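Structures are listed in the sections that come next.
In the two complexes below, subunit A is the common chain; its partner is subunit B in one and subunit C in the other.
Our next item is the complex of A and B:
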C-alpha cells in the first residue's frame, strides 16, 4: 500500500472512528495498532527509538489530561477526597470518574497525534505535495520551489557559519547571526532572480493571470458560509438534517469547483503514484468504513461506540462489530505498507 | 479601487468567520451542551479554518501567476523554513521562534497579500519538512497568515505618519511583533482548548456568562501557555530590533532588481 490516495482514505477512516467513540477498550486497540503500524513503517534500526519516543509521549499525554480533568472537574459518584468549595476552580470533590474521563481524553488526543505522525511517515514529501489540488498550482509550485531550495539553503548556512567561525565570530549572541543571515538572504534572493528569469525563458510568463473577480472564489466563499451556517444551526439544536443538507451542498459545490479548476490546468506529472491491487483494496475498504460510520453518525446510531464514566464508573463493554473498527488502522500492516522504500 | 474593496471585503469576511469559529466556545454556549457538538466541535472548527485558508489562498494566488513572485516567495519561504530549524542553533529559551520576523517584514514591505502567503506557506512547507502535517496545521497557517497580513496594514499607517526609514519604524515593528508573539499562542490554543475540556460541565458551564468563560480560558492560558508566549514575544522583539533594518534594506535592493518587465515579442516596450 503506497498510493497517497489510499493513505488519505486511511486517514479519513481513522479520524471518523476516533471522533465517534470514547470507549477506552476500542481506543486501546486502536492505539496499539497505530503503534504496531508505526514500528512497521520505521526502518529496523530506528524502531526501538521510535516506539520509546511515542510511548513516552502517549504516557505523558494521558497522565497530563487525566490530572487536569481530575483537578478541575468535580463531578462523579466515587469521591476520593475534597477541597473547600470556595477555593477558586479547584475547590470541590475529586472523583475517580473525572480521572478516568481525563485519561480517555488523553487516549483520543494521543491517537489523533499518532494518526497524523504515521501519515507523515508513510508518505514522502513529494506525495504530500501532490495531494494539493491542481486548482492551487501556483501554491504547489511555491511549495515545490521551497522544498527544492531548502537543502541548498541549509548547506549554505553551514558554509557561511563555518567561514564566520574561522574569522573568530563566536556565534554566541543573537547579533553574531547577522553576518550569517544577511549573506544567506542575498545569495538566496540572487537564486530567486535566476530562477524567475529561467522560468520566464521557458514560457511560464505566457499565462499572465487575471485579477478579475472569479466565479470560483464566489463558490468557495458560499460553500464556506454554508458549512459555517450548518454548524451554527446544529449548535443551536436545529434538526440535524438541515445542517447535513447544507454540508452536502457545500461538499458537492467544492468538489465540482476543484474538479473544474483542475481540469482547466495542464500539469505534467513526471512521477506517477503506483496503483497496485492492495491500494485499490485498501482505498475501497477505508472509504466503505468512512461512509458506513458517516451514515451511523447521521442516523445518530453510534450509541454502541459510546462510553462515559459519569455518573458512576462502570467497566466498558464493546460489541464484536465495534472491535473490528479498532482493527481498521492496522490494515496497512497486512498490505506491505513500505515496499516502495524497502 | 474596486478590486481593492473586493479584496478587503473577502478578507474581512474570512477573518470574521475564522475568528467566530475559533471563539465559538465563548460566544456560543450551546457549543458544549450536546454530545454531538462536543465531539464534532474541533473537527468543525478545523474544517471552517481550512476553508477560510483556501479562500484566502485562492484569492491571493490570483496575483501570483508570474514567475518573479513565485520564485521570490518560494525562496523566501525556504529561507524561513530553514530559520525554523535554526530554533535549535540560536541561543534562546523554549517558545522562542525566529520565523515570525521574516513573515512580519515581508507583509510590512510587500503588502498584506504577500504577508499572508508568506505566513501560511511557511507553516505548510516547514510542516512538510518536519513531519508536522496534522489537524493543527490549518490553524497555524491562518494565524501565521494573519500575522503577515496585518503587517501590511502597518505599512499603510506608517506611510501616512511618515515613519518609514526612521528608528521609530523599527520600534513600532518590534512592539507589533511582541503583540503577535502573545496573540499567536492565544489563538492557537483556541483550536484545541474546547477539545481538551471534553466533558460537558468540565470547564464550560451551560448558561455561564461570557466573562466567566473567558476567565476560565484565561486561567488555562496562564497555567499552560503564558511562559512560552512571553518568550516568543521577547524573542520577536530582539530579532526584529537587530535584523529588521538590514533585512528591509535587502528587500529594497531586490524589489528594484525584481522590477524587470517581460514584454512579448511584437508588444511595444
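Our next item is the complex of A and C:
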C-alpha cells in the first residue's frame, strides 16, 4: 500500500472510528494496531526508539487526561473521597468514573496523535502536497518550501546563537535574543528573495494558463448565494430536498470551477503514485468503512460503539462489529506498506 | 549568441548606474569567465541575460541586449528560462524540494512536460553530472560539491543553449572546485553549450576559459580572449602576476603553459614538521582531541599547538572536521582529549572564561552584525564583556581595520569585504590574545583578500596567535607560519607551509607549479635576477 489516496482514505476511516467511540476495549485494540503499524513503518534500527518514545507519550497522555478529569469533574457513583464543595473548581466528590473517563479521553487523544504521525511516516511531504489540486499550486509549493526550510532555519539559529555567545552575549535575558533574531530575520529574508529569484529564473509560473478570474469569482459568488438560500429556505420549513438540491448545485459548481482552473495550469509532477491492487483494495475498504460509519452516525445507530463509565462504572462489552472496526487501522500491515523512508 | 549595445542599468535608489555604455558580444559555444571586483556588476550583468534584471530587481535599463536573437528585457525571466539557465552562488538557497530528482525536475514541472520525458531528462542530467544513484537521496545528506552538481543538473534539464554560473566554486575545497569545473567542461563539449562563469578566484576558472569579460567597475565591459584582457586586469591570480612580472606575452592562463623557466637557484632544504622553536611560548594546544557526533567520528585524536604570535592555517576538504575542531576547542561540542590555553587546562572552563582569551569570526560574518552602526557593533561586544573603552581608543581600533570613515554606517549596507572587517573589528575590540577565523575569504575579491592578509599580519605583529580555516590555497600560502591539514577527521599534515605548498598535488600553489624545485610558493618569493627563460619555451 503506497498510494497517497489509499492513505488518505485510511486517515478518514481511522478518524471517524476514533471520534465515534469511547469504548476503551476498542480504543486499546485500535491503539495497539497503530503502534504495530508504526513499528512496521520505522527503519529497523529506529523501531525500538520509536516505540519507546510513543509508549512514553501515550502513558503521559493517559495519566494527564485521567488526572485532569479526576480533579475537575465531580460526577459518578463510586466516590473515592471528597473535598469541600466551596473550593473553587476542585471542590466536590472525586469519583472512579471520572478517573476512567479521563483515561479513555487520553486513549483517544493518543490515538489521534499516532494516526497523524503515521500518515506523516507513510507519506512524504511531496506526496501529501500533490493531493492539493493544481489550482492551488503556489500554495502547495509554499507548504513544501516552508516544511523543507524549517530544518535549515533551525541550523541557522544555532549558528547565529553560537556566534553571538562567543562574542560574549550571555543569553540570559529576553533582550539577549535580539542579536539572534535580527540576523536570522535578515538572512531568512535574503534567502527567501534568492529562492524566489531562482524559481523565477527556472520558469516558475511561466505556464499560468489563461485563467479568467472574473468568471471564477462569479461562480464563487453564485455558489455562496445558493448555500445561503438553501439554509434560509430550510429555516422557513420549505421541503428539505430544495435546500439539499441547492447545496448540491453549489458543490458541483465549485468542483467544476476547481477542475477547470486546475486544468488551465499545466503543471506535471516527476513522481506519481503507483497504484497496485492492494491500493485499490485498501482505498475501497477504507472508503466503505467511512461511508457506512457516517451513515450510521447520521442515522444515530452507533449504540454498539458507545460506552460511558457514568453513572456507575461497568465493564465494557465489544460486539463483533466493533472488533472489526478496531482492526481497521492495522489493515496496512497486511497489505505490506512500503519500506520506511528514512 | 549574446550582443549588448550601450547597455545601461541603474538599481532603484542607487546614486549611479552599475552598467553604463557596456557593448560586447559573447561567442556561441564559448566558455566566458566574468571577472571583476566585488560590486563591479558581475551578478547584475548575468541577471540581465535572462531578464531577472530588471523584471525581478526593478531599476532603469537602457541600450540594446539580444540573447539568442531575443530580447530578455521584453520577454522576462519566465520566458527566457526556456533557453537560458542560471545557477546561483549558494545552492542551498535555491533548492525548492528536499529530494535530488524532484529538485532537478522542478523547472520541467513548470512546463507541464509529460512524466516519461521528464524522467528521461532527469536521468540524463544525473548521468552527465555523476549523480547516478543519488536521485532518491535527501539533498541535506549530500556534500557541498554534490549539492552544486544537483543545482547544475536542475539548470540543464530544460536543455538550455546558455548556462550561467554565478561563483559556482566559492564554497568548495580545491578538489571539489576542480571536479565541478571538469564536469562543466565536459558538458560544454558534449552539449555544445555556451557557458558564462562569474568567479573571484580567477585561477580556478582561467585554465578552462577561452574568453574573459572584465568589468572594471566603471559600468563598462571588456570582452575578448584571455591573452587580450588579462593585461588590463589589476587584480589577478598569482600565475598572471608572475607572467606580468616576467613580461611574458601572451600571458599563459595555466601554470603548465608557462615557457620553461631556468632558475639559478637550488631548492632549500624543506623541513616538514612544526617548529616550536620559532614560537616558543604556547598560546593554545589540543592533545588527542576526539569528537563523535551520533555514530560518526568527526575528529580522531587530533593534536596541535598554536604559539604566541603564530599564524596557523587549518585546511582540508569539505567535511574534514575543520569547523568542528574550532568548536571543540571552545567546548561547543562534546570532545575527549586535553585542551589548554596559556598553559592552563580548559576542559572544564566555561565558555565565558574562554572567550576572554579567544575571539571567533564565523563563516558568515552577517551572523554577528545586527546593530545600527559600525560604532554600535563595537560597543555591543564591549558591553557583552562588561568593558568600556575611551572613544579615541575605539576610533584607533577602527582605524586599524580601515573603518574610520564608516563608523556611522549601517553594517549590513556595506560591501562583503567591509562587513568582514567590521565583524573582525567587533570581535577583537577587547584585544583577545587568540583569534579564530572560519573561511574568511568567502566572497572576497583579490583586493579585499589582500587587505585581510595585511590586517592579519598587523595583528600577528602584536604577538597575537591566529588560527585561520581556509580552502583558499593562495591565501593560506600568503599567511601561514604553520599549516595543519585534516583529512576525514585526522591530521594529514602538520608543519611548515613550504613542503605542502610546493609538493602536495592538492595544495601546490601556482608559483610552486611554475617554479618547481625552487622552494618558491608565493609571488613574493620570486627573485627575477635568478630566472632565465629558455628560448624554446
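Just so it is clear, the second predicted complex is superposed on the first by the 222 of 342 C-alpha atoms of A that agree within 3 Å, B and C clash if a C-alpha of one lies under 4 Å from a C-alpha of the other, contacts with A are read in each partner's own complex, and residues count from 1 in each chain.
Rule of thumb we're sticking to: a residue touches a chain if its C-beta (ideal position, glycine included) is under 8 Å from a C-beta of that chain, and two chains touch if they have at least 3 such contacts.
This one's a predicted model, so the numbers in the text were calculated from it and none came from an experiment.
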More residues of subunit A are touched by which chain, subunit B or subunit C? B
Using the superposition on chain A described above, determine whether A:169 touches subunit B (first), subunit C (second), both, or neither. second
Per the contact definition in the header, classify A:183: touching subunit B only (first), subunit C only (second), both, or neither. second
Touching A:271 in the superposition: subunit B (first), subunit C (second), both, neither? second
Tell me which partner A:78 touches in the superposition: subunit B (first), subunit C (second), both or neither. neither
Regarding the shared-chain residue A:160, is it in contact with subunit B (first), subunit C (second), both, or neither? second
Which superposed partner A:262 touches (first subunit B, second subunit C, both, neither): neither
Return first, second, both or neither, reflecting whether A:42 touches subunit B, subunit C, both chains, or no partner chain. neither
So, A:285: does it touch subunit B (first), subunit C (second), both, or neither? neither
Looking at the overlay, what does A:253 touch: subunit B (first), subunit C (second), both, or neither? neither
Which residues form the common part of the subunit A surface touched by subunit B and by subunit C? 125, 141, 144-145, 148, 178, 182, 186, 191, 195-197, 199-200, 204-205, 207
Can you list the residues on subunit C that touch subunit A in the complex? 50, 52, 55-56, 77-79, 81-82, 85-86, 88, 90, 92-99, 101-102, 105-115, 118-119, 122, 140, 154-155, 158, 327, 330, 332, 351-352, 355, 358-360, 362, 364, 366-370, 380-381, 384-385, 412, 426-427, 430
Could you please specify the touching residues of subunit A with respect to subunit B in the complex? 15, 19-20, 22, 65, 68-69, 72-73, 75, 89, 98, 101-102, 105, 109, 112-113, 116-117, 119-121, 125, 128-129, 135-136, 138-139, 141-150, 153-154, 157, 172-175, 177-178, 181-182, 184-186, 188-189, 191-193, 195-197, 199-200, 204-205, 207-211, 213-214, 216-217, 220-221, 223-225, 227-228, 231-232, 234-237, 240, 300, 306, 308, 310
Report the residues of subunit B in contact with subunit A in the complex, numbered from low to high. 3, 6, 10, 13-14, 17, 20-21, 24, 28, 30-31, 33-37, 39-40, 43-44, 47-48, 51-52, 54-55, 57-59, 61-68, 70-79, 81-82, 85-86, 90-92, 117, 121, 124-125, 128-129, 131-135, 195-196, 198-199, 201-203, 216, 219, 238-239, 242-243, 246-247, 250, 254, 257-258, 262
Contact footprint of subunit C on subunit A as seen in their complex: 124-126, 141, 144-145, 148, 151-152, 159-160, 162-170, 178-179, 182-183, 186-187, 191, 194-207, 266-272
